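In the part that follows, the structures are each spelled out as structure tokens.
In the two assemblies presented below, chain A is common to both, partnered first by chain B and then by chain C.
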Partner chain A sequence: MKTRKSRPVGFYLAGSWLGLMVFIGLFGWILPLPQWDEAFFDDLGVGPFSPRHLLGTTQDGYDMLAGLVNGARLSVFISFASVLIGGGIGALIGITAAYFRGKYDLIVVSIFNILLSIPNLVLSLALLSVFAYSDADNPASTNRRVMVLIASLIIVIIPILGRISRGSALQWTNREFVLASKSMGTKSFTIIFKHILPNVAPAILSIGFLAIGSVIIVEGSLSILGIGIPGGASWGSMLANGRGNIAYSPHEVYLPALFIALTVISSNWFGDYVRSSLDKRESKI
Partner chain B sequence: MTALDGLVIKILLRLGFKGLNSVKKYLAEQEAKRPLSPEEEKQLFPHHRPDSDRVLVVRNLNVEFNVGKGNVVKAVSNVSFDLVRGETLAVVGESGCGKSTLGKAVLQLPHPTGGSVNFLSKELTSMGKKELRDMRPAMQMIFQDPISSLDPRLPVSEVLAEPLRVWNRGNQVEIDAKIDELLGAANLDPAVVRDRRSYEFSGGQCQRISIARALALDPTMIICDEPVSALDVSVQAQILNLLQDMKDRYGLTLIFISHDLAVVKAVSTRVMVMYLGKVCEIGTPDEIYQNTKHHYTRALVGSVPIPDPDRPLSGNLIQGEPPSPANPPSGCRFRTRCPMATEKCAQEEPQLREVSVGHFVACHHPIAE
Partner chain C sequence: MNFLQVIAKRLVGMALVITIASFLLSCLMWQLPGDPAQLIAGGAPEGVVSAIRVEVGLDRGVFGFFWHWFSGLLSGDFGKYYLNGGTRDVLEVIKATLPVSLQLILYAQIVALSFAIPLGLISAYKENSRFDRIVSSTLFTLVSFPSFALALIMSLIFAVKLGWVDPIGYVKPSENLGQHFKLMVLPVISIAVGLTSSYTRLLRTDVIATLKEDYVTMAASKGISNKRVLWFHVFRPSSTTLLTSAALNMGGLIGGTIVIETIFVIPGIGYEVFYSIGARQVIAMQTLILLISFAYVFFNTIVDLLTNAIDPRTRERRG
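Up next, the complex of A and B:
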């Protein structure tokens, strides 16, 4: 009988933090919190654990907790959307390239290599400043920025996950069970989805969770550079807004930074645990 | 050659372009696949048996691999043989002589580069994807590595259900019943093994599951690619017995690829010895073992260990390694290692000829009595 391995504490910690972030990202608006963009002129820059503001306010009077909860919505949405779409497309292209080989594989690998040679921050920067150009006269809407940001992140993620899944799928496409499946007349589509994808999934999932972490960081970096999400609507943008006030209200910087760090670390850990728990076969040998 | 190429060449032929290289090649390919009358076949391939009920006829099969920089490895060159219903043809030879490639080429995985594979009176090499797929249930394969033959993520019941689902053989209840029957036939307890995955089994058990899977579609022919090489000796016997039982029960025709002559002797009704992609000798196991004619076969038979410590080691085993199949020797391919090689062997390629009833050898200087 199968013995269930007791999971380390880290798995539960990371999992519950990620779960909490997803939850407040989805249902944060239900919580009895003030509006994130509502300024409290009576409480400018109060510290954490103040009577009406659990995590304090910024120098401009915005409630920190409400800001963080709202930031989770955008950060979680951006990271999950870009990793799910980019990872899905990348995995599909990578696995089919490994399965069919030949010229298709050659073309796919060349395109992946070209895309990988572009630094992701530079690509996002370029795309954002072209497609979501914004100045004082005609500011780009937050929605437009978010969409362009997600699109640029998808372009970055496709070759990363595509290469990982191609490399991983190559180990499986030549296994004899795939040949056996072909010899009994199973269609390529069925072989890919039934035999290759489940075996490649652990690698894709663990890299996918890593990618979620990196995407959150990229989003933060872009906001700090001033072309990400404006006005403190995401964690990175809160950080960007607060960095000038670090001397007066350090919690304005530390809290979003802490949220980013915890989420990134959790997604990395969680990815690792998911991989090792799915990889029964490897752990047996 | 794709369908489009075929069409273009047919148009070229109509227009009278017979001299073009591609047209010549096409004509040669068609010629190779042409159905032969029994007399013609007997004349061209003396070791074929056109009068018997044959499952498979392979003529001049070639498999070439492009290894880059214009180099081509001829893994199998001009191999011809036939398979009578109910027999077990053993294909033996040392590693790298093209036995496994031959087995896979018969199944068109990958397609051979030339020659004809005629299975149940249908030409497989000129079939389209769909037609070929319809032939697949009748021909199955069992592989060397039992553990790698099963998907580690699927429980045994799913592994066995796959071929049945692909071919819509009944509903879930019927499939379940069939799985239980197959597992029972393979001497496995369905209640115990159904929900387990491949890594929970030993090599022998995995091989039995593979055999059960190969039997799921009631095939006519099974190609066993070194089915017992990866197993220890006690388990080898079990698997060989199982294969024999299955053969008797389901009336199978087997191609048994192996390098182990002791195993081959136990299972086969006909033995084909291959060296560097060519057939050297073909005949019944008794003839091959007792009345060996080819020098390579003698070396192979001589290398079978005999459990007698006092027996002197046979001294006339061949030396060295087989030459590269990318650049095979001229004439007889074995001449570089053959003790009897002469000038003739380098110039003229020996053809298979009958030395005694049903025993054929491709050698200019066969071993005398």
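Up next, the complex of A and C:
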């Protein structure tokens, strides 16, 4: 395996961008910005750096900066919630499967294989189109869509992180210190949480950061396909709405695309850094 | 274990996974709010709705519905689209759209490989040089760049601003070859960029390992030119991971081009999935999603078996 050199500059850049996004996601509502869904009919589709709107407005007169800040709230919430919950459940199932083996392991692995046999995007597409079903007569509310989106992403993430944690837990379940604690009569629960989890955690964490990036991409893809979050509430949704106006106000497309890309790149960089620092630790032993 | 037994075991496993996945799909469709038959019919009168309900087996409970569809698939009946009074066989649609998707994927693979092979070889050969560092970090950034963002930004620059190509559309190669390739450029690049990055990284890692082998030093010390050593002695043994990954991607990309096909309005299988979801064509949706999953699992299994056959060291890794 090649070991990447740690890149402090890239790491700090990625970290600060992610931190900024989490910050505006949490506290963006404090900023002195107009409402993201308030239309300014005097400034339709003005470009970036116009006097009243720092990043311009859409053709419908929505302020881009306010939209991006609001989009950060939703995108950060969706990606962190689904990766934390899905990753947590997946890791728990994967590690216990690796620890107990036997029939339980077999069932878990088969379920993972079945879920993994449907490509991620297609699975979330199918789940979302069924559970957040909406038509012109009774549109599903944005909140319901967000909840269903998170739920389907969780279902998608569980087998991915579950399989990875199972794989890396398998390397530890037969180590001497685990066998020693077993023979001393330590409870399985304690062994899993005290001895196996700390060793598996860095691997899960680095994949978790990669998963955050992928979730943001899936959210954007679903919005482009017209079954994600409606009405420009998320980055992907802004991008999807702006596609039609690409010729008149290109910033409607490139700004959300840039935010999505930077966030994904940052979380990948961060995950890579976590992995390379993990490599170093292993090589010291 | 006998190799034939391994094959048989894997194929049975694959069939089981696919069958259970299809059953879950049917259960999912069964969960659609309201009456799936009404959704399929799309506002047709009650007589038509009940006819459709019987025809697709929605009147027989979830198991009957699943079995009606699945046994039909096995005997070659892929179901139908029900459109404003008329119907269209899903099989016909697949026959028309699958080649388009395959063209897109094939071009993307060719482009990706033809960039990745030289880039991977050179950056491994000049490990830690400035060239290597620039290529590695550029590719690492590009691999995380979402393909739809790339697609939209490229169509903004090259189609809208510069007007070099049409932003959307598809022409069959038999109709107008030049126009066909011209329209394929942007979608192919959008898909190929991510692939190039991951292929280059895979090849670079393997080539670095191979360059350390004794026989490479031997070949170089015999006075064979560096170029020849790289291509004939290093590239071949280092290319297995790359080829495995390329083959695996063939399966993954069949469904993975949905967004790109939708953005560029290319009538491939991904676009058809998007359309069938929008038009609430439950049966077509089931069939298409299953087809995509099947392609994915099938390629995974075949690639696994092939690596098994080629490299016996991988055979006994169980656990």
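One rule holds for everything that comes next: the second predicted complex is superposed on the first by the 273 of 285 C-alpha atoms of A that agree within 3 Å, B and C clash if a C-alpha of one lies under 4 Å from a C-alpha of the other, contacts with A are read in each partner's own complex, and residues count from 1 in each chain.
The rule we apply is simple: contacts are C-beta pairs under 8 Å (C-beta built on N, C-alpha and C of every residue); 3 or more make two chains touch, one makes a residue touch a chain.
Predicted model, so just to flag it, every value in this text is computed and none were measured.
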Which of chain B and chain C A:244 touches, first, second, both or neither: neither
Touching partner for A:257 - first (chain B), second (chain C), both, neither: second
Which superposed partner A:195 touches (first chain B, second chain C, both, neither): first
Touched partner set for A:221, first chain B, second chain C, both or neither: second
Partner chain in contact with A:185 - chain B first, chain C second, else both or neither: first
Which partner reaches more residues of chain A (counting touched residues only), chain B or chain C: C
First, second, both or neither for A:176, with chain B first and chain C second: first
Shared chain A surface residues [contacts with chain B and with chain C]: none
Interface residues, chain A side, partner chain C - complex: 1-2, 7, 10, 110, 113-114, 117-119, 121-122, 125-127, 129-131, 133, 170, 213, 216-217, 220-221, 224-227, 239, 243, 246-247, 250, 253-254, 257-258, 260-261, 264-265, 267-269, 272
Complex contacts: residues of chain A adjacent to chain B: 175-177, 179-187, 190, 194-195, 198-199, 280-281, 284-285
Chain A contact footprint on chain C (complex, rising order): 17-18, 20-21, 24-25, 28-29, 31-33, 137, 140-141, 143-146, 148-149, 152-153, 155-156, 160-161, 204-205, 208, 252, 255-256, 258-259, 262-263, 273-274, 277-278, 285, 289, 292-293, 296-297, 319
Residues of chain B touching chain A in the complex: 104, 107, 109, 133-134, 136-137, 139-141, 143-145, 148-154, 162-163, 166-167, 197, 199, 210, 213, 216-217
